[in-house]
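In the two complexes below, chain A is the common chain; its partner is chain B in one and chain C in the other.
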Partner chain A sequence: MDWNTIAEVLTSAVRMATPLLFVALAELYSERAGLVNIGLDGIMAFGSLVGFLVCFWTGSPFLGVICGALGGVLVNMVYAFCTVTLAGQQIVYGMALNIFAPALASFIYRVVFGVSSTLAQATLMKTVSIPVLKDIPFLGKLLFDQTPMVYAVYLLVVVTMIYFNRTKSGLNYKAVGEYPKAAETMGINVIRTKYIASIICGFLAGMGGAYLTTCYVNTYSDGIVAGRGFIALAAVIFGRWSGSGVLMACLLFGLFDAMQLRLQVGTDLLPYQLFQMIPYVMTLIALTIFGSKIAGPKSKGKPYYREER
Partner chain B sequence: MSEILRMEHISKQFGDFYANKDINFDVQQGEVHTLLGENGAGKSTLMNVLIGLYQPTEGSIYLRGKKVEIDSPAEAVRLGIGMVHQHFMLVEAMTVFQNIILGDRRYKGIFIDHAARRKEILELSWRYGLNIDLEAKITDISVGAQQRVEILKALYRGAELLILDEPTAALTDIEVEGLYSVIDKLKSEGKSIVFISHKMREVLHVSDRVTILRAGKTIKTLLASETDGKELANLMIGRDLVECEYEKKESEQEPVIELRNVDYNKTSKHNGLNGVSLMVRKGEILGIAGVDGNGQSQLSQIVTGVTMAEAGEVVLKGCKVNHVTAADFIEKNVSHIPEDRNRMGLVGNMTVEENLLLKSTQDCAFCDLNGWHLKKKAMRTYSESMRVKYDIRCQGMDQEIRSLSGGNQQKVILARELEAKPDLLVAVHPTRGLDIGATRYVRDNMIAARDAGCAVLLISADFDEVLQLSDRIIVMFEGKVMGEYSGKNPPISTISLAMAGK
Partner chain C sequence: MKKILAIALVLCLAVGMLAGCAKTEAPAAAEKTFKVAMICDSSISDGGWGAACYNGMTAAAESRGWETAYTDAIDQSAYADTMISYCDLGYDMIFAPGNQYSDAVKQVAADYPNVAFAVLNGSIELPTANIMSILPNAQQIGSIAGIIAGLMSKSGVIGFIGGMELDTTKAKLAQFTAAAQVINPDIKVVSAYAGSFSDTAKGMELAASMINEGADVFFGDASAVDSGARQAIDQANGDTVKIYDIGQPADILGQNPCIVSSVVTDNARMIAICLEKVETGSFGNEVVFGSLENGAVFLGKFNDELMSADLQAQVAEYIKQLQDGTFGK
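After this line comes the complex of A and B, so read on.
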């Protein structure tokens, strides 16, 4: 392999990692407030449809991404109401999202476009290269010649790291995920924090979904999310619930994704499905190795009632 | 002296049950006012109402004469009410510093001003003699230090009224002395304290006034200087307390279980064992005294086969055990009254009957075909007979066990464990959280088991219980055996020093 190929694979890895990173950050914010949301796939599916539709109608990928994010918030409010207000089981309602949201997206798509064999196409978001920085050899093309979404997500990683490690609000937020009753007695509004967490989670996961239809491919099709929500879920565990860890994990999974694409093109000896498995197999391996010593927020997954006896 | 707090006609209902009914309570500035009552008398509920964690069903609260609505803990903090909970409200994954500044709203700004806050906290800790390493993680500091963090946390938020919920329960004698001096210091600064306890000795020592609660109602408020332990005890339980004494025995029979130099998680002071050797003979009660969290949990798990010793030997009925499971120990007739009956002793969502028979699913009296078919009728007859024999008060055999009171839950465990006619009974905090009647019942049954030839290992943080029941006493401190004493006329002061590691 020459430098060009490597650069190509890495550029593609960064692009592949972006939706994962959005969604993994969504889960990070959710779990830091004690809410394990396994419904990421569902939120993404809905976000990708809304993003596509808006982009298709208005011709603006940016508007599409924003509306996709808001669609994600809408869907995730169902989860928030059931798990926070009604204190239901998080796994159950996360699963419910996964069943309900993609089906809803598929239904809406059919209502709008009918059943036809040709896929509707929308415009893709253009890359915006950053002057001067893009001329750095090798790295320039890799990091500074991407869509604004890519820049946004890396900025978000930095903001997340600062938020959880340096700010008062971030400390309070983490306390809710660790020991909600203690947080409550310290005057922190646990229920509000959990709703805020759900809004952030829905927004980012919806955005990750919309990225797929506005920056990655220019059509919507059922199953477009392809389990990325679950890979993001794994990235949060693999990344040990920290901003930097999640970044590393997503880049790694993105790299596997890019490699499998490259390998598919490079050889015809093996069926391409075998290469498609790589990211999922690596997720499984990563979880087997790193998932056993589960750390993470102590109260994650547990419903919270203030008047519990 | 001016009145700082008055609670009038407070009631708190959970379903049909009144945890508090028409309670009146007031606190003057600069006084220590104790709430005294048995477990379940409603002390903690009343305080949870005061700090806004529970909303009262009825009643009103006045602070410095002004009526207040405390609808959330945040509001209580704002009003200057701080509480040190019995189960500490500390985030273990965070440092002392982070725990103290959690939820702080007094300062603007997004970022944590580390240096300034640190200085402020250090000044407070110096002023009240609360020494703490601010950068240590909560998991790495002792229980006494965690309590100091809790007090500091409340003071940092400007608490004028401090509630201490059973603050001495987990402390060593020396730490308790330290707490008393902190309380004196707080009083001299004009802070008021609500002290919650059921220990007569410390109540008389520390309080100015005492209010007795029983079954959710206020019984009486007394000046501490004008009462004595006996009067308080009688008011607390509602009848004259009859001291009972059990006969002590010296067993010369063979040991049922023996530990030789057992290590487990040796480096941990609170959760490990370090070179523990002991034996329990047939027909005696060996009591393990010690402050909670000095390796007792680990000891109980090793002698019941829940965990394995990392080094040393465990000899059960003359056989050395190598690789074991709890099932092997049950087969060898070891019974276990676990320390946490809800988490380890019972399956909360299963019925009384099912819990009674949990260990007997393979018993051919209750099933055919190796357990593939249950004999429902035989099970019902048996469990009904247990209900009579052990005086289990429940609506019926199909009631979910978690809805029973603690005392009745413990009776179910007792029935299940004692009916197995054990050779070794391991009882961990067997009367924790029980009222006096149920406590007496459990203790009588343990004595009866001993007299029937069972070896009993009693592990309890209640020193009086250990003294009352044990034929021999062993003291544990930081995972080590500090000494062994006879249960007949035990040297109480020597033992309490040993419990503090001296």
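After this line comes the complex of A and C, so read on.
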């Protein structure tokens, strides 16, 4: 393995980790307000379609990403209404999103493009390199020659860390996920916070989906999300519900996934399935080593009834 | 009030059922319209395998006046259930476009002896009284791609991306390698599997890593994953095309700048043979082969800008040898 290969693996790892990171942050905001949303895959699928369509029609990937994010919000409002206002089971409605949203996306795609063997291709977001910094050997290309979306997501990690640990509003937000009744008595509007959490979650997850079709590949196909929503879900648990932890988890998963692809290309002695297991096995091992003392927000998964004692 | 409503609803349902019964009996007297249904794990609008198979089925059905239906983007767990639903709906033939459906087909076909099942890329041992295999010659498909790759490669490294390790995919890879090595004995083949037919981004990453290994001609057997690979090739190429891709199973020349040619499988022709056999009642216990010889497998159009007339003539010559059985001898 020479430096060139290592640099290429790392670049690929960053590329593969970015959509995961968007979606893992989405889940982080949701779970911090006590809402476990396993419908991320569905939100992503819808976001990726809306992002692709807007990008295809207008030729603007930026507009595509924004619209994809708004599409994600729209889908997640179904979940928010059912779990917050109607106090329904979060797992059930999350699963419902996973079934409903990809099917809706597939339906819309077919209405727009019909069934043809020609592939609709849209423009991709251009990379924006940061002058001077990009010329740093090795790290320059890795960190400072990416699409604006990549910079945005890392900025978001920093913002998230500061928000949850250093601001009053962030502590209030976390209180809603820990002990909503106490939060309510302190004058925090629990229902409003949960809705805000759902909007943020839908926005970021939709954006993660749109990233796939506007910055990564230039086509949409059913199943393009390929379970990334569930990996992001695991990344939040693995990352201990903190911004930095989620960042590490996503990068680690991206790295192992990039490595397994390289290893497959490099050798044909072992069955390829062994390599494909690597990211998942490493995640399992990491989880066992680091243990799970911190169980996350106390009230997550539980519906909140304002007037119940 | 509620009770009256409930009774009214029950009556409605009962009447509906009666009407339903009446309907199913009626068309038996009229001329029978045959119906064929297709199941598919990828999407039928994936611009690759799914689309080619769906278009093949509809073209064949149209030529023989059949009705069609499809269910796509289904998981492995739903293969059997979906087919059972179509059997119960009275479909005459189920078209399963891939070897991965073989087990589910065997299971369902045993319970529905009056329904015909056609499995594309099904094995030679698969056919029974109501199952037929449609078998395009995977060896020839792989060989044709290998010939083109062997002639086009300047770096001496060529890449193959598979979706899953199916028998036909393995055969294509083996012949792709063998044929390329006949042309250039020192050629190296790098191969990998995406583990999926729909994860476009994986295809991109795989192709990117193969390009890093020096691969300059690509062939794939993985539907939407191939689209991702082609995108990675286009990105690596920039303005001048020096890394190439060979398409399949439809003629997709022009879809991406990097495509030099396609190895085309004429599914419609082979499916039409099955439909005809259902109509005449002679369906079953048979494999419909598709090959260069009967025209169901052929080479698509060349990209004249990427491939000189001289090279094109060489490819044609080698394919002729392939047909004669003298290739590589």
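Here is the rule we go by: the second predicted complex is superposed on the first by the 279 of 309 C-alpha atoms of A that agree within 3 Å, B and C clash if a C-alpha of one lies under 4 Å from a C-alpha of the other, contacts with A are read in each partner's own complex, and residues count from 1 in each chain.
In this section, a contact is a pair of C-beta atoms (placed from the backbone, for glycine too) under 8 Å apart; a residue touches a chain by one contact, two chains touch by 3 or more.
These numbers were taken from a predicted model, which means no experiment stands behind them.
Colleague: With chain A superposed, do chain B and chain C clash or fit?
Modeller: In the superposition, chain B and chain C stay clear of each other.
Colleague: More chain A residues touched by chain B or by chain C?
Modeller: The partner with more contacted residues on chain A is C.
Colleague: Is A:Y272 in contact with chain B, with chain C, with both, or with neither (first, second, both, neither)?
Modeller: Only chain C; A:Y272 stays clear of chain B.
Colleague: Does the superposition put A:Q264 against chain B (first), chain C (second), both, or neither?
Modeller: A:Q264 sits against chain C, while chain B stays out of touch.
Colleague: Which holds for A:S106: it touches chain B only (first), chain C only (second), both, or neither?
Modeller: A:S106: touches chain C, not chain B.
Colleague: Does the superposition put A:T193 against chain B (first), chain C (second), both, or neither?
Modeller: A:T193 sits against neither chain B nor chain C.
Colleague: I'd like to know which partner A:T147 touches here: chain B for first, chain C for second, both or neither.
Modeller: Neither partner.
Colleague: Contact-wise, after the overlay, does A:T18 reach chain B, chain C, both or neither (first, second, both, neither)?
Modeller: neither
Colleague: Rounded to a multiple of 10, tell me what angle the C-alpha centres of chain B and chain C make at the one for chain A, in degrees.
Modeller: 130
Colleague: Quick check for you: in the superposed arrangement, does A:N218 touch first (chain B), second (chain C), both or neither?
Modeller: second
Colleague: I'd like to know which partner A:R166 touches here: chain B for first, chain C for second, both or neither.
Modeller: First partner only, chain B.
Colleague: Taking the superposed arrangement, what is the smallest distance in Å from a C-alpha atom of chain B to one of chain C?
Modeller: Least C-alpha distance: 23 Å.
Colleague: Along chain C, where are the residues that touch chain A in the complex?
Modeller: That would be residues 42-48, 51-52, 54-55, 72-73, 159, 165, 190-193, 195-196, 198-202, 204-206, 208-210, 212-213, 224, 227-228, 231, 250, 252, 255 of chain C.
Colleague: Please output the residues of chain A touching chain C within their complex, sorted ascending.
Modeller: That would be residues 4-5, 8, 12, 15-16, 106, 109-110, 113-120, 212, 216-219, 221-224, 226, 258, 261-262, 264-266, 268, 271-273, 276 of chain A.
Colleague: If you look only at chain A, which of its residues touch chain B in the complex?
Modeller: 166-169, 171-172, 174-175, 178-179, 181-189, 298, 306-307, 309
Colleague: What does chain B use to touch chain A in their complex?
Modeller: For chain B paired with chain A, touching residues are 14, 51, 53-55, 72-74, 77-78, 83, 85, 89-94, 98, 101-105, 109-112, 153, 157.
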